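Letters A, B, C, D and E name the chains as they come in the text, with residue numbers starting at 1 for each one.
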Amino acid sequence: MKISRVIGSTISTIKSPRVMETKLLICRETDATGTEEIGTSYVATDLVDSGVGDLVLTCHGSAARQTTITKETPVDAVIMAVLDHLEVDGEVVFRK
Amino acid sequence: MKISRVIGSTISTIKSPRVMETKLLICRETDATGTEEIGTSYVATDLVDSGVGDLVLTCHGSAARQTTITKETPVDAVIMAVLDHLEVDGEVVFRK
Amino acid sequence: MKISRVIGSTISTIKSPRVMETKLLICRETDATGTEEIGTSYVATDLVDSGVGDLVLTCHGSAARQTTITKETPVDAVIMAVLDHLEVDGEVVFRK
Amino acid sequence: MKISRVIGSTISTIKSPRVMETKLLICRETDATGTEEIGTSYVATDLVDSGVGDLVLTCHGSAARQTTITKETPVDAVIMAVLDHLEVDGEVVFRK
Amino acid sequence: MKISRVIGSTISTIKSPRVMETKLLICRETDATGTEEIGTSYVATDLVDSGVGDLVLTCHGSAARQTTITKETPVDAVIMAVLDHLEVDGEVVFRK
């Protein structure tokens, strides 16, 4: 799973009806402390009603379809959790 | 899913009859605003009748086969949506 | 599988009840000797009761769901083993 | 899918009888015009009787096993097509 | 599949009994000639009784579980063959 920041949203013309019902948010992976954004942005199906600015946990690949909402849909990334607290090397580095 | 720009098309000799019936387009991932092309290009099966220049959403891996057209075909990337609107940090960064 | 160091932990609001019961730890891949941390950090489900500082073996993708705990859950990385001993080119480079 | 150039071949001692019957070729991804080789080389099962120098389309991951030849075999990349024609931004950039 | 060099071995405390019965070796991808090691090292289940120094072919992802030994185990990379011979651009670049 990746620690990511929700940075935006998308509106699109999607053919698959099951994907249409979900929010597709733009995410960007961060470092372990949730501070610095790294890598390229990607789009994930939101399962936890998160919003822009939230630090979230995303899962990728076939794992993204192990939920009732995304099962058998063309989805390869989901936001599975809103992060409340990150601890690195014994120090709290993020608190919501 | 990746935000990508359709940049071209391919013609090829394919053995699998189900893949032959589909358009295979060349795509290139962009940044979150759909402006800058990044990374290497890749080829995706077009499911939404998109064309060169369109900003699209592509999904990858086994997710690409969760549609009636690509089911059980040797396809690892599909164009699943044409993007109409992208918003990053509260600003509209792309409108079709 | 990746040789990784456990560097931290996460607390989050997760909808899926099966994932909630597990520890989600922050890991970072190391080189073959377990010395230098490389690449970006990621979050993995802990299956072996490991802790911060442990050198572990993680597996990724659908492999991460080949266990009774993670089966059919939205999990794409698990800590499957605590490393006791690494040998590279005939030399012991790590001993727990 | 990736646009790749076939650059070589392998001979190896393979235990799995179904993989033994196939040609395993060395490929290298190219840019969208098929001109410049990029990234690291990889080995793919040839399904279309291609040869060294051919520009091909390869698919990866579980997609590579969606054919009668590779089904249920330890194969993660196949050459699924020989490319005849590539067009980028309205210009023909490759013709076989 | 990747052309890789076996560079070391691991001993670890693994919970899954089926994975415990197998050798887990440290591999590093090489270039197409098997000469230069590139990228980060990874750990693969050995299916072909290879040893440190051998040039091997590894397969990754769900492909790694398409064998009787690794089926339904948390394994994402296997050594599927010992390479005997590599030919690039018509030249023999490796012979065992």
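Please note the rule applied: a residue touches a chain if its C-beta (ideal position, glycine included) is under 8 Å from a C-beta of that chain, and two chains touch if they have at least 3 such contacts.
Owing to the predicted nature of the structure, the values given are computational and were not obtained by experimental measurement.
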Chains touching chain B and chain E alike, please list them. D
For the identical-sequence pair chain C and chain D, what's the CA-based rotation angle in degrees, nearest 5? 145
Indicate whether more than half of the residue numbers at the chain A-chain B interface occur in both copies; give same if so and different if not. different
For chain C versus chain E, what separation do you get between their C-alpha means, in angstrom? 20
Taking each chain's centre as the mean of its CA atoms, chain B sits from chain C at a distance in Å of 32
Which residues does chain C have that touch at least 2 chains other than itself? 61-62, 64
Chain contact topology under the given definition, line, ring, star, complete or other? ring
Can you list every chain round the ring, opening with chain D and moving on to chain E? D, E, C, A, B
Within the complex, which stretch of chain A touches chain C? 1-3, 29, 31-32, 38-39, 47-48, 57, 59-64, 66-67, 78, 80-90, 93
Chain E contact footprint on chain D (complex, rising order): 7-16, 19, 24, 26, 28, 40-44, 52, 61-62, 64-65, 72-77
